[in-house]
């Protein structure tokens, strides 16, 4: 099993990973490693801004993987300083222009400031229009630049007060790391949709990261999750905490457990791998079916398939093999090839499937296109029956809180009931875990509709953060400028 | 699980994969797909030569993956014709110059000729010296060019007779595919060390490939393995077979089952995935140890770990996560980072390992460097005990038959007994499967020393093909020319 | 002769060329051609922004030559629209980051706005500090962004009023072209230091360009020079002129005639090529010397050498040959090679120089390094005497008005008198044209110190536009951010 | 003026430049410089092979300019040794594959051998067919490989005897430099069509080069021209000369004087620049016409225009300006732009041409396409009359001796008389220098038809070397292999 989920057309995509270091020694190298461990959260671009002891900032950004951009020793060496913030980006707009790569940097009156965020603002457009009206110039099309302008025009004097001023104006889901001459800052939105954890280096330095797997790679000790609505200010005197939004009920993204997070991370106290196995077991209890083998759709379906198999007492087998050598460009099929229905990334382990009743376990169905191909491939390899089991409830709604999902009209579960979906993907049976079953696997008795413990809007449409930019019918076009030749 | 084993410093490397098509329609596209499925056999370069109906040949080669070189539709389109041969290359010499990329092509008196081979000649140097003495000019440093010159100077008149003339002069292990105006040709060395299979396309065309997984991707039906010492000549009248070497006992490479072949391939009648599980089970029977979890070293250790776990009745868990997003260049560690002992490709699934007695299952130990790091990583994640189990016998000898292994002096098992090895890699215990156990897992009662069924020289030193170039103390330097700037 | 003066270390460099089109048909293609004709004014980067009939802007920018960036038909095709502005850039700071490439674009409340300028602001830093204080964020380190922010925060409502508001705040030398949904705008600074001309296309469209050679390449008819302090607003109703600064005496850059402008351009009514010949003739009258041949330092010295030779009655000969095939990177000399004093771009035409008394004619001496090498090369080729004649007065002061000159401390003429300079460069004699002689060649009786007709600060130190940023001892560092790996 | 004639569609192209060093110190650096000075003889590829004191050869080759391929110090440093041969290539076939880039290298029984040549064999195809028949494999499609095979299969024992054996079998025009462990070798074909000169370095080392300008750049003293049919063998004992072909009348290529050679070179005792001026003067005497200005077509027409103007007593003016900033790709014209007849490389110096009677001087007319554009451009700039004068006789025949000319059917002068040509190119009058006039300018009383002093086949069709490959109706296709994607 592995942590790869690259370029998969029919999966939701996490938008970003963030990492920050204070007093870390080789801060750029640590940040490059941390971003490497968070590579599954965004593969389109990576950036690091460091701060040296003279108060100068050093930046490097590029399109592509962390290793592609930070693989040269001279790049790391030129990113001087013991503090840094870094960012992996998955582009939500399709525009991968370099000017949109984070961290964003700005020269303020009070000095330099760099910020990187994971998440999505839901009133970015409204704020942007107001800011442009008062003379602000936008250079990128990222939501993140809104933060920077709000800080720039804030009438408060300290950086922290300006940041709080800015955060109080934005709506949305975000975890951010920021760096200025006096401190490293971390912040989570009031209900804590996106993750952010605090760790400590052996040398006493501090680390902020989207997931614990990024602490592990730099041998940082996990200290705690940053809380919903909390701002932490890290400087040489230690970690200070501020909660400017008062008390909120936390609603962490439930999909992080199902799919996004790396299996070796621990989120809000729960190991992700173990949790996925529990979801699989719950799924087996809810919708068991007689079969000969349980086969995961690799790689993300593996742990839930293992949980399913163990609970159902049916052998777990690797009936689908994944090929990771895909290269930069994809082989374009000719007409003849297209008829073959070639799958470049998956192949059926024919001897394992022939004549068998197969339970396929996957984590989600978005458009359904990949599921149909997988079922067809398994049947062509000789499976007698194909039963699809999904370790999440039907994805009926889009995410506006930092996950790239198709529009609702393209979500299979928004248009079809389960029976129709089974027919469309060609499975003999199809079942999703129930919402309550999912909450049970997460240790709750059931979902409390009055006060759910997680953000589950993609399954329920329960959008707890207002969708201002969509409600006022604003188009989301953020610039009249169209880059040529892309 | 997946089929990736890229750039792993401490594994043997398969040298090549070959693919050929006759009467295949879009032969170039089919070959690109077939090579993609064989990518695990060589990632450094790829090449395709096609033959069109006018008798013209078309070639394209490049360093890197198949997808990198054949991803553009215009490249595929310019490779006209219904017949093709293709090759994936893993460079054994470190020199990746384009002139060495196969298939090799030559204009002969009788027309054009292209050839690609998987394997290694053991008298290439001796032959080359003789050829140069009679005025032959060598343009590459590959063994394969020896074939071409021998064909060129043969006094026989037909292409087939010239090829047989050439094959009778070479020693070594090889499976080759060749293409000339009249036919596609496939050949295996007299004892069939390297694999080669025959398949049939739905349109009636024929395919030759190193493994069955390359038949699957183009929906070709498996017909049969080419036999040891067999030459097949494929033209519009069908498949003709010639056996110029008389009868030989086949000795297929046993390491293909252990590590090289893709798990979804079937080799000489045995499914690779199933075989690996059987090896794991045999290993559990031979060297069981009380433990809490069985953890594979991903990705190649997964099936044998599953077999081990099932036989031992100990839970199988994904305690090590693999990161495939490595990028083109590697992050170079600073001194500080080096002390962290960072693993960029593997990470410990800490919650799964903490406080546990862990059995790690891997397929082989070559130098031992990776094993030591893996054991250390598992311990740092909190494992109480670490027991290493290896699904092959100790690798005590180098391979000269087409697998890139270090010199004997660098093979851990050539210098140390098992107890010492356990100490060096830091494991609480270490065990390898026995040679007889391995043969049992492959369906034999035991290894028959008088007439072993497989080539197992890497475990036994039983080199059945003469090592001429090494015996006569010849240096293997094949040219006085040194490319600059590499 | 040709228009090449690339990467010549010891020449002043023009900073930029600008081009604009309104109602031009294929505006992007016309602009690419215009910029190509202006390539001598800047070779480090090129950019074009177009405006289509839907009000959308399209941009493409890149480092390198116009042909490198706009050579693909698909790029030109994607730059839709009949109006455009474009820019060639020579980087004055050494930082060639893409974010600094012009035209700059901004989304304003009133719509999109693109601007490109040639010149240099002398109070950019002071303005920038004030703008940052009030919350403006700067994304580039170019002076040009100051224009954009001043427009953005202006309290006036129309684009034109905002632009005038901005221009009244800046000091410096500039010619700019700007594009918004309603019009193409051109402007020259109050004393008209940098050039800007208006032309008309055959189809009735309008063109603005730095030089007339850019009108010629698109077959536009020359209409007139934009006047000092004039703003022209070009829309479908025609060309409107505004002069917001009242009446100023024009002081056009005299160095454009001597060196910068292309010889086939006509500037402020005077053909450049003819003017250079007249300067050469004046130089011959002022400082004749007996000699056998007059040899230009190619390519810029050719016309003045022709004028000199004709006036002096001495044969004009091509005694120095220029090699333009220099490649992207330069051959780095070894120690042995360094001793040879190799000149990669010039070679002596030995048969033409041997035994001769040679008059070398060049346009200027900046540091003197190239002059010394040229004199040495001519002597090594056998010249009996070498007399250097320069078609400009001694360059004693730096330019702050848009020309990249070394600091004063590096200007040879700022530290040495003419006799010393002759000795340093190794010439038998050295003479510069006098300031009055230069004015005479330009059709004036002499320089009127009370009211000179040209900006000649580089020869006189008479800086007519205040040097605010240098006077207040401000450092010119415009950002705390240091790009890594450059 | 300069030495640039890059990518000019309507000029003949020299095929190659060669350079060799023995005992030169930094031989690779010297060779890179020498090839840089010879860049005008070939811009498509460059290669250097060096020989170090251990007898190892080092090679680097690449497509593009010398500076592009040999600009990095590490490349030069890795090309160890005091002896070298180098080559600039202009591809005659359009195929620029790296495998065709010279010098060619081969491992022979007697050691390594590298060879580079300028010229063209006229029986290469016949020889190649014979060589393939006896089992030789060809890896490139260059004539040069024929040399290498002939040497490889020669029955003589010494390298020199093998080389002579090979040279006696080939027909054609060539100047070659070769390097083996014992010596640097230079050779010219029996009638000396292509140039080759010998020079001496200050440190006592020796240099061979196509032109004297390459001696100048490395400060080598000109020793002498290699003679027609001469082989020189240079080793530590000095220079030895062999003349295996007996006595032949030399017939040096007359077009080297007219166009190919750099103006600062001296060929067979005659300075090229001076010679071109004499040709221009002769042309003025032969075909004077009343006019106001003499204008060269830059850059190659400059010296003959100067000679013409001086002889005619008409002012010489730079009426056409050349733009050398063309970039890697060319701006593709849209339809609108095409109608403008845009010239990216030349522009009219309008103020110099308007209302004038203009004599344009160029060196040759091949297809006539460029001439027509130039005449049109000069007329559009306002010229009252345009008279074209050409400093060579009409080019009526193709060259088979190392110059890339179009097929005869495309040569304007092969199909039209001078009056028609004048009409086609749109000139008021057109005149070529006479053949006798050209010989007079070269110091002969006239052309002696019985025994001409030069190869003038392109003007006369007098092909003194047999055209074997064309006579036997052989197609010149040298391989069935077609590279894809080019």
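By letter and in written order, the chains are A, B, C and D; residue numbering begins at 1 in each of them.
Please note the rule applied: a residue touches a chain if its C-beta (ideal position, glycine included) is under 8 Å from a C-beta of that chain, and two chains touch if they have at least 3 such contacts.
Source: prediction; values computed, not measured.
Colleague: Both chain C and chain D are touched by which chains?
Modeller: none
Colleague: Treat touching chains as neighbours: how many steps, at the fewest, connect chain B to chain C?
Modeller: 2
Colleague: Using mean Cα positions as chain centres, tell me which chain lies farthest from chain C.
Modeller: Result for the farthest chain: B.
Colleague: Which integer distance in Å separates the CA centroid of chain A from that of chain B?
Modeller: 37
Colleague: Starting from the mean Cα coordinates of chain B and chain D, work out the distance between those two points in Å.
Modeller: Computed from C-alpha means, the inter-chain centre distance equals 50 Å.
Colleague: Taking each chain's centre as its mean C-alpha position, how far apart are chain A and chain D in Å?
Modeller: 62
Colleague: For chain B, jot down the residues that touch at least 2 other chains.
Modeller: 72
Colleague: Okay, what are all the chain pairs that touch?
Modeller: After working through each pair, the chains in contact turn out to be A-B, A-C, B-D, C-D.
Colleague: Which residues of chain C touch chain A in their complex?
Modeller: My answer: residues 49, 55-60, 72, 74-75, 78-79, 98-99, 105-109, 111-112, 132-133, 135-139, 148-149, 152-154, 478-485.
Colleague: Mind listing the chain A positions that touch chain B in their complex?
Modeller: Spelled out, the residues of chain A in touch with chain B are 1-4, 6, 25-26, 29-30, 32-33, 36-37, 39-40, 43, 64-73, 76, 213, 216-219, 262-264, 266, 271, 273-274, 298-299, 302-303, 306, 316, 318, 321-334, 336-337, 340, 342-344, 347-352.
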